[in-house]
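The first chain written gets the first letter, and so on, giving A, B, C, D and E; residue counts start at 1 in each chain.
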């Protein structure tokens, strides 16, 4: 248990002469006991970052500090970390018990008896005590996952590193293991760095999430911050499902002018835009309102393209033209039924919009969170 | 792919007919040999080889004779079969082990010379033995192994066999190494990384992870290598000159006289000589084939 | 086994060959483990060096042992080929030239032997592959007793050439050999021939016998290759309307390239070592239609004591082996599998 | 049967000199010289009667020299090719056995030129022995003027064996055949009159055709031409003779058994035994097979005439033993070689082997009617020409080339190209 | 284009003597041009059903009719169907063009020129024209997916069969391809049978969905019918994410009595229950209301166990006891923030509950849809 600091770490791969910058000057401070999720699209450098922390790769530059010690140059076994792999990486020829004992046998002086009791305790905690004498091949995916976890836990390391540990599980099991893992981490209180490409997983699990793109750190924030106050266009688009709707606009005096529609803006918004000329207007699907009669200046006539019923809600794909391909999505109540081709009025409230500089991607204005404060339930 | 579910029974029957015919094709020469081995020399000259003997044409004498020639009593540690085993088993195990260790050393590394070293190993598999016979015998003469072994009579009497063991081991290393390397390359790399994180050293990883997981490949390598060494004729011919140290293939060839041939004894002896390898294939053929297939 | 080696060597670079459904589907979200597999080598200098040093004791001693025996001997042999050594004197290393190679070019026996060696190499390989493939396809039809049959087909491979040559001399006997007896039995008596004496069929007969011995091996290799092709490839072809024949021809067999390549290389190794077979069947003088470099080398060196000439032939033989594997090694290297 | 040999090697602490380098052996020899050293004997008599013959010889040797231990090392056979490999390797590496079996005559040239054989002085080739050996055989033992080998046995090559019943049925009288061409006619007659194969033969490996051809050549041209063409290597002067004999061989080939290319000589010979074939040309080792066949008696069922045109000759096929330098046991070797030259040795060995003794003074009682008549022929022979096929007439190099030529002839039966190949087989000097 | 009828088809596999009933007497009528989704958990027989339609397996009994013809006994190539596989099953050694041409070459007499123009047209439609000369190995997952689709489309078959065609794609791409596929199918109007184990996919894509379990057909209905009016407990639990909350109760006079709470019921509900004694009460997470003050008879005091923020909504795991493991889930607005351990009142409105016979699984009562009618937007 310790805090973990990534201090300007960079990783450059040499690919037949040409350099691939896999991780570019990433700095994160992870508090003792924190659950940090590294998230980003494929190839953004998540695994590389994790592997540098583990010592499986050496950083090209920058330092990694663990509980105050610089561990950058050390081999994995001198770092006091444990790692859970996507493939679980269990030793197929060893029983569950042997798998879990292995790390203790190799890295500590503990007696066989001590090791055995630690292993048994951990297995009980994870409800895999009954499986201790099976081999990995005889376990289901979820059970293997638990063993991999157990193998990490028995080591009692300063940091857990997990590289997409749930991605080989099916949907139901994944969401179940998600909560379980979360609770476990809370109980153990071990600093954890968790890699995933799935924004839902990141949102639901992390104390904080670090969003990477193309080797560069985009934002480190709590899930809700990232959702409501994305640092840039990338984060805004990456977090949330269905994604935020984006419209590329040009900033005029009192409005944003787009190919399909013009969006009048208030003075306050105008100030937020500042000098930017190319502006991306963003609105979350659930913030788009479909109203009965369009009257306001932020109401736009659209046509329903496709309706995806999700049960408790519907994703409505809307187009500004009849027969046009869908341009944006609104999420509405599951009880409302709409048909393809039906004309509807979409309202895009000004206090819900995000604005980004199209050229730099930087956030100009995030949605107002007044509403959030208001609806906070008080019991 | 698996079953052809709509297989008509007619085509099924035809399929089995072809498969059985192929099996007969593969077995026919063996049958001919076997029939010859249970015939008297006269019956052999007066009948067709693949036809079973009838009447007093039948005899088991060739087998007794062949056994006497090829092995003799099992109790004293001599005889051609014993010598073959004395060579084949250590040579097989050694080249298997060494190959496995070398392969481990050559896997998962990325340094410049590796491709070159590997190429040497790969090319080493393709050396026709003829090309090295003369230098090889000269080499062993220069080494003069018997001088070092003089103190151990058991080994001193088997200098030729020990030379054979070393030679076969050396010539077996390339193929074993390449086999194991390709097998190790298929391992889940994260498993090895997990072991590193678990604190195991390079050597310990071999001992505790790689070696135990090599079993299927060892089956393949050992079977293959055993067959190669056991069946080798040329090296044994030039390296072993002591009659007490002759190996099975040599003993078998010895049954060809200068002018006089005893076909039935030769055939019986051929079976005696082939017995271990046949047995290995019959017993472990599945592992062998699956080891090959398991690679995928 | 051998196949596995090549398969392994090949597969890593050519996943698209054998398995389009597995790891190779790039799920753009990155659920694929492939990057991890590939990335292991990419460690940095210091780590790499320590790894290198640590791995030395593992591979260096074997490499040296092999280097001494295999390459030392080959090198020595090559040097001998440059001398004029014959008879029972000692080679004169002071006077090296290529006279033996010049002599070789003028020697019609060598030309014939070289030609036969190449023919044997190519024909034996092709025939064994074809037969092995056909048998593998049949065995892959979900049959019973698969293991038994597989073992039977593989059995000849366990025998030494010394034994199989004797077997086949009888199989080919024009009067009572099984081949002709069967031919006559099925009314094809006019095809019966004195197979291993008629110069036009002699080499073919040898090739056929060697095929008998090693096609089982090809079968195993191909069977593994077939099993590695996902069954939906077969099904997709059937849905696309291909007949069984067309399915194998257009969809399945092209995907067996890796298996073919690995099996072919191994077969060529066996072909180069086919010496024992010819030697037992025909003695050291098989005749111009069947003479190969290996028998010729043996004859020159050990029967006629023309050591230098024999060594030169042996060197050419090894060169031929390299010609066979050279392109293969090159492809491997290009793919980064070495 | 191998048990006997094994007992002989029991208690041999020294591993047969195997792998022993030259120098250390030399010293070892000096130290233990003459004091019951182990004699390592390498030979290719491994099968059936051959082995028995050798055992008979060794028994006699043991009685004569009980102090010498014999380390019997039969090398795998096939007319000595494999043995060649082993012995050459060992000689090259200066690690020879005490003595080894080898064809004398030109087959020894390389060894003599390589100076790896000791000359056998009077201690072996005593005057008594020289008197007993015929000149042709003595010549073979001294390829370069010095005795280096002791021939132990003699097989005759120029025989024409036949099945009497078949010939009677065909109406052919073998003794009436005057030259090789006459044989062609006889073969045609047999072919017409009987179902039997006129001449049994094997062409799977070339040596049988070589020996048949050289016999035909002798039959047409006599010993002097043969010696000039083959032994002296002036073959180009005899091209037409070469062609003629090749043509005759080609004529014979029409009358060979169909499976000649797929069988060995003894399978061919068994056709004569079975009455499936009329003639066979072979060395007199073929008679061994007749002897062991049941109901197949000499003169009544089978008989032999000297090959037509060669009745005054005795084509000699002989095995000998030599005294390699760097010898691990010089005394024992000398004893063994001397013994091989004795009446006792040859009387023990040859009847079993089916050969006749090189010495002319060996009593014939042990030899049975056929060998006795061979002995008689030998004694009366005017010349004892050496043989190509069995190594005594040409060097191994030339022998190899001739084998190659006949391997080709067996395939193509092309007289002209084979003639060229034969001419080219000899070094042009 | 044709209607497809599955008429009491059954598939029994012989597994070393013992019979495995993979598909049990399934009958479905699929209209011409309909998009039917076969959904169910792993191993329920979806693939087997599809493969029987394709002719890759022979039905043990029952008939398959395609456009009126019985095709049951015919080999695949005589059925005029096309199939898209989960693994795409592209031929790795052929270029995209060859992959797409293959079926036409094998099954039609079209000239090379004609084939080429069809292939090119289709490729353009799918925006993969630029990839025609690449091999599958050089394509991304999404591109491979499109090629697999194209290969089916060029054949212009009567029926498309798709076996989990999107499951190898990542979340973002999957949802994108989902709409694309849907629109494509609408445009082409080809009868389509689509297999998935993912209920979200089934809900959003199908005109109708057929839910299979254990080889038996559970329900064939529109997505919203299946969601709101599940035929049985299995369907209720399978459709919807997070799943419907279930409580096992005993039916008493005027209430349902459970381990944790008693639930008073009205006369109407009482009648729906009828003779059933063991009753499962179901409530969808979004129908659970978290209210400020519990007063009604359907309000229950609970404690928050874990909160999963999803951005626009939160999944709140609730327990009846402090420190107990979560027993049910409520989905609430994303703007409301709750903390673990916080006590809340959960309201389970009677008109939103589903009731099932625990023993047979049959539905006794579905939620009232009055509300649904009411909130129907009218523009």
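Quick notes
The rule is short, and it goes like this: a residue touches a chain if its C-beta (ideal position, glycine included) is under 8 Å from a C-beta of that chain, and two chains touch if they have at least 3 such contacts.
This is a predicted model, so every value here is computed, not measured.
Among the remaining chains, those touching subunit B and also subunit D are C. Looking at B-C and C-D, the interface holding more C-beta pairs in contact is that of B-C.
When every chain is reduced to the mean of its CA atoms, the largest separation from subunit A belongs to D. Among the chains, the centre nearest to the mean of all shown protein C-alpha atoms is found for C.
Per-chain Cα centroids separate subunit A from subunit E by 26 Å.
For this pair, subunit C with subunit D, the centres built from the Cα atoms lie 40 Å apart. Subunit B and subunit E have centres, each the mean of its CA atoms, that are 57 Å apart.
Spacing of subunit A relative to subunit C, judged by their CA centroids, is 53 angstrom. Counting partner chains per residue, subunit B has residues 133-134, 138, 188, 190, 193, 253 touching two or more of them. Contact with two or more other chains is made by residues 18, 27-31, 33, 36, 42-43, 173, 177, 233, 298, 302 of subunit C.
Across the assembly, subunit E contributes residues 56, 75, 170-172 that each touch 2 or more other chains.
Residues 78-79, 81, 84-85, 88, 91-92, 110-111, 113-116, 203-207, 258-263, 396-397, 399-400, 403-404, 407-408, 410-412 of subunit D are the ones touching subunit C in the complex. Residues of subunit A touching subunit E in their complex: 42, 170-171, 175, 178-179, 182-183, 197-200, 203-204, 223-224, 227, 239-243, 284-286, 290, 292-293, 306, 308-313, 315, 317, 326, 331, 333-338, 342-345, 371-372, 375-379. Within the complex, the subunit B residues that touch subunit D are 41-42, 45-46, 65, 68-69, 72, 78, 133-134, 137-138, 140-142, 144-147, 153, 156-160, 163, 237-238, 240-245, 250, 253-262. Residues 188, 190-191, 193-201, 204, 208-209, 212-213, 215 of subunit B touch subunit A in their complex. Residues of subunit C touching subunit D in their complex: 86-89, 109, 169, 172-175, 177, 194-199, 202, 281-289, 291, 298-300, 302-306.
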